[in-house]
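Look for chain A in each of the two complexes below; its partner is chain B in the first and chain C in the second.
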Partner chain A sequence: MKHTTFGIGLGLALAVSLPSLPALAKTIDIAIGHQSMCTDTYTAGIVVKELGLLEKNLPKDGAYADVDYNITWADYSSGGPITNQMLANKLNIGVMGDYPLIVNGAKFQATDSLRTLYIAGTGYNLKGSGNAVVVPVDSDIYSLDQLKGKSVSTPVGSAAWGMLLKAMQDAGITEEVSLKNQSPAVGAANIAAGKIDAHSDFCPWSEIMEFRGTGRKIYDGSEAGVPYLHGVVVRQDFAEEYPEVITAFLKAVIEAGKWIEENPSEAVDLMEKWTGVEKEVLYIYFSNGGHLTLDPTIKDKWVEALKFDHTVLVKEKAIPPLDFDAWITEDYIKAAYADLGMDYDADKTSVVDPEVANAGLPAEIWHSRDGILKYESYPEFLKAVADFQGTGAKLNATYVYDKATGLKLFGKTAYFVLAEDGSYETFLRKPDAEAYAAEVKGELIDLPTAVAAFIPTE
Partner chain B sequence: MSKLGQVVDTMEDKEDPKEFNATKGHEATVSQKDDLKIQGLSGQDVFNAIARLALHLGEQLKRNASTISLSLISLSLGLFLWHLATAYKLDFYINFQNVPSPSKVFTAFWTHLGDPEFYIHIGVSMQRILTGYITAAVIGIAAGVLMGRSRIARSLIYPYIEVLRPIPAVAWIPLAILMWPTEEASIIYITLLGALFPIVLNTLHGVEQTPEVLVRAAKSLGASRLQIFWHVILPAALPSIAAGLAIGMGVSWFSLLAGEIISGQYGIGYFTWDAYSLINYPDIVVGMLVIGGLGTLSTYAVKLGMQPLLAWQKRAR
Partner chain C sequence: MAVALRSRLTTIGDVLHRRFSLWLILTLSFTVGYYLLLMASLILRFGNLPNYARVYNWPESVWTIVRSTPSIRDMPPIIAEEYLLEFGYMNYDYGLGISEWALNIIPYKVVLMLVLSGLLAANLLLLRTKTSCSTGSRLKAGAATGLGAGFVAVTSATMSWVVCCATPTWIVGLSMLGLGVSTAFWIEPIGPWLTAAGYLLLCFSLIALSKPSDTGDGQIVEPAPSPQISTRKGAHA
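Right, the complex of A and B next:
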């Protein structure tokens, strides 16, 4: 690292030339904008903040021997305000989703001298899950085509908005849908009150609505097929002045990811306390087989996805051009990997596809007392649910996997298909379930019906 | 609440010497009550006033030429300073480095003027303001008069006014969505709330200011309660009500943006908010200035509309 050697050199020079001078205490302000209502940013946001991982990794020797750090965290509900604060130089580091990242990079490049750098990812879903279109739970809409002539709201400029545009284009209904701009909280309230036909939102809002029983997913971002990712941007002037601080931040991001992977159920428990998002919802993201693959590397495929996102923004919202080569840099994340003795290229080339990775994963029951229990087959799973119901035990949530995409689902929102041979499969979307039921001459049922067959009759 | 009235009084003092008399009226009623003739409002009065107003409008413009030109000079100076601050990227405690220049904002504005959707934004907002404002005016004046004339009504209604008044419009968003049947109704409700409180409080203030001696005089002449209300109390309260209506109009634009967050598709408040989510600074300023401009125009329209009803004051002098 050029910057590292320069920093150490500077430190040495100071140490040699000014040995007798008293240490000059210097304060470095590190201000980070994160989003506690966007799960994919947690490894560069709330987890780093609450576990004190940044403090742990910040350099304390060489040029930084006498430095005091003043770390501030600011919580936002979307990426736009973070970019605004970064432009005003009130935040140095920002964490946000793909579309807001593009706006961030492009808006900075449109200024005379200010720039940001895209330095790392936080997590991704290869197929684009995390974004979803949700309808009120009592709605009679089950697929995207049925949205013709209806109004759909979404936070304009967010990843969910980009996904919705592509989904409507793919379905050829763009002209017939009236699109409204609603922030996540407003959209969720409108869904709960049944005031809007559908709402498209980012993680974890659609699962929150499902879990609370107000909304039902009709379209998952995975169907649009564009990867959904989040990343970290930093002001270039800050990164160039204190490269070691940025590397330290990314080491904290990597450690936060490891901490979650090692013990997801304990992690979601704590994250619920920090963010107020139910742990059962967070588990669908952060568990093995969850929506989110934690991985800070910058993959070529991500750059392609971001370039695609940029073309959408240019077309729809006249966003200025973005020089991706100047914006994206792997220097800092590579330095962080090297410092931790990890192999960057190995992580960079590995990509997790939920359809492959989640095949054959066990169904899960979150027992309020006994924790998470795993079941290799659906009959075992359903029998266990029936038994627990018989004993009056409280189940926090149940999890199954969509046969079509491999995505983790809440058992209570999944469509179960009971085939002729007595085997079960589960689905996210009703049309998929109906198609499969026709294929295997099966029966389409919901969780309570499936469980009822396992309740002892005597 | 009397402070509110006074603020408008002092603001108008500077703007227009003619308005001075009009809105100082309620104080005049107190000090000059002996000279004051009891005047009711009749159709003839209103007609005369309108005719007089039209006649004098041109004259007034001529008379106020210096005031108007002074205001124009002040505005262009502000524009020029803004231009300088952005051109030289002023960064002296306040930072203008990334603030869009007037020319950029004007270019954005000009582009939007050629876009039919921009007029939809404005039209939709005007409609919301109008509906919310008129409803607020009706409810506000009725509640204010009621509270002013009845101790019981006052004890019953006033606590609500005081408790609800400090709640900011944005805080109402979740409940407004839940309570009202349609999005449009929720937005109008939030706009209405903004206008309601200044109107209620100023009406109450005006009614309370009615000199009791005039009421007694009318009573001794055999006037019924309704007659007293129509010929004595309402005219005496009108200057204050007019001030409340003018302030209410300004505040309803103020809360419009909060309301339009509920359903972002059309509306100038939404336009501004949308520009913020995409960090489009010139459009944000366009939205701000359009709200400011429309707010000014509509407040002026309210004042102009109230003038004929206040004509009695000038004659009373």
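Right, the complex of A and C next:
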């Protein structure tokens, strides 16, 4: 009896005193897995992290008024480990390329109780640029069909691997090529040393090899014609518990894209410091006319591309089935657009085709001191290069566009065609340049030869 | 049948009891040796010494998985992937560094290796013990032991290589040896079956080798002492 009275008294005292106690702050752990060596993930990874865009957008009122956020970022060299860490709930959000995204969705759906949601893209190239096949710079191979009987390495399971399989199928050389499994870094080193006939890799490895002067592209992913895209996946339990946090993350992704589009030179300069990837390489992705269109919307065409990628993976890796309808949701990205007062449907229907969008864009010189300089015509561009070389000015890089695909190229790796009428065009692939040269009765030359014509003789 | 099996299990128990210290040392040595062999193969294959090591809070990881995985059936395969230690080579030629390859110490796999090593050690002790198992049978059992140990060892490898999606999988070892990429992925799903077959072979050979000797008193006869064995025994004395 005595104990009962004491218990009731204690209960009453607690009931009266509890409301007057300060509320205990709740901590929400947000763990994000990203890839600092994969350019197409930057707007949902390194840029959001370094600019503090997630912190800026996280909800701080209503149900989140007393919440503390514990944000952690983990950098990975591929998407596979991000999926494993998400399964273990050590990461809530993951950013990765198309093939690893599919493996992520399928692995989660193979469990009884865990799921991820594909909630947004980060960026895309409509025709598949970003992946490419590179040969040693001194190789006598200039097209994919010349790889018959040769060895080609690629990181198996990556988007570049998927592109290579399709490219070899399209060219009918699948049975005649020896495929080897090699990491990007080892593949790049082997290309530099001439130890492999060709290497297929994802963004930005091909351009790193070209910029360092060790490799030359013979095949660009755009020739496969399958869009190359990256995206964001989130654990469904986390998204359902904290939908406003996910919306905040996607607002940060959108803002990261805008920041890059508004300040590409400044952005690549900072991104070089954050990632260690050369800014001249990053510029080919993130500048106006670059490989990457920063667009987080989920387009119907992307879903079709992902379904195609899944068939490739099923055939090659026997991965589990994936219910795309259950996996893909536009709810969060639409909410982010609405919060920012942006038109989701307008962005979703807009598709950038480099061949159209880049037509007529000026050639560029990255002057070490003066920054990016633009030239409306190739003669002006070549004369400027000649003049700068004459003064010994340091040029970081030069950029031109492939006439066939509209892709931005390093000037030093492009094939120039000087037509009979004195005009110039530039090409990514030698066969395209040769065909054009024959058509216009022109001459196929390289950048130094083209520049030489503009060097003053006196 | 049950009596015969019980008799053989008794023989196994007797051998392990009599040579427990040696069995334990062999078990631990095989396990440690296995991981040293994996590390050596990585160093030889890639030509780099490991340049980083990481320690993971395995108990906390397991607790996180248990708390956040609603289905009990989902937990074991996820926990089985959790690392305790990682030793690898970081390539700093590009970006901020890429983990090129790594040897991952995964507790679940370590347990599997300890079981394998224990069975292997027991088989070896029985092979050196004079039972009434014929020479032909001993040879067959020895071959089965080697095959079984090979199956389990190959499928328990926890090396990761960035080209194999950078996750530790047993086919990394096969890929490193030059097996075709598509073939390696094609045979990956049969890994658990190979592991099970390996353990079964080891168990069968253990049973086969444990046929009690016909010395009349049912006692196990130790092999004739060799200088090497004497030394080992002396060391344990």
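Everything that follows uses one rule, which is that the second predicted complex is superposed on the first by the 437 of 458 C-alpha atoms of A that agree within 3 Å, B and C clash if a C-alpha of one lies under 4 Å from a C-alpha of the other, contacts with A are read in each partner's own complex, and residues count from 1 in each chain.
Here, a contact is a pair of C-beta atoms (placed from the backbone, for glycine too) under 8 Å apart; a residue touches a chain by one contact, two chains touch by 3 or more.
In this text the structure is predicted, and so the values were computed from the model without any measurement.
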item	value
Clash or fit (per the criteria above) of chain B with chain C on chain A	clash
Chain B versus chain C, judged by how many residues of chain A each one touches	C
Contacts of A:37 with chain B and chain C, given as first, second, both or neither	second
Touched partner set for A:342, first chain B, second chain C, both or neither	neither
First, second, both or neither for A:77, with chain B first and chain C second	second
Chain B versus chain C as contact partner of A:275, first or second or both or neither	second
Partner chain in contact with A:181 - chain B first, chain C second, else both or neither	both
Which of chain B and chain C A:190 touches, first, second, both or neither	first
Touched partner set for A:107, first chain B, second chain C, both or neither	first
First, second, both or neither for A:87, with chain B first and chain C second	both
Touching partner for A:356 - first (chain B), second (chain C), both, neither	neither
Selected from 185-193, 203-211 or 221-229: the stretch of chain B that, after superposition, runs into chain C	185-193
Shared contact residues on chain A - chain B and chain C	78, 80-81, 84, 87-88, 103, 111, 114, 155-157, 179-183, 185-186, 189, 317
Parts of chain A lying in touch with chain C, wherever the complex brings them together	36-37, 75-81, 84, 87-90, 100, 103, 111-114, 155-157, 179-186, 188-189, 205, 208, 237, 275-277, 316-318
Residues on chain C engaged by chain A in the complex (per definition of touch)	61, 64-65, 67-71, 73-74, 78, 81-82, 91, 93-100, 161-167, 175, 180-182, 184-186, 188-189
Of all residues in chain B, those that touch chain A in their complex	95, 97-98, 173-174, 177-178, 182-183, 261-265, 270, 273-274, 276-280
In the complex with chain B, residue positions of chain A that touch it	78, 80-81, 83-84, 87-88, 103-104, 107, 111, 114, 151, 153, 155-157, 178-183, 185-186, 189-190, 192-193, 195-196, 317, 319
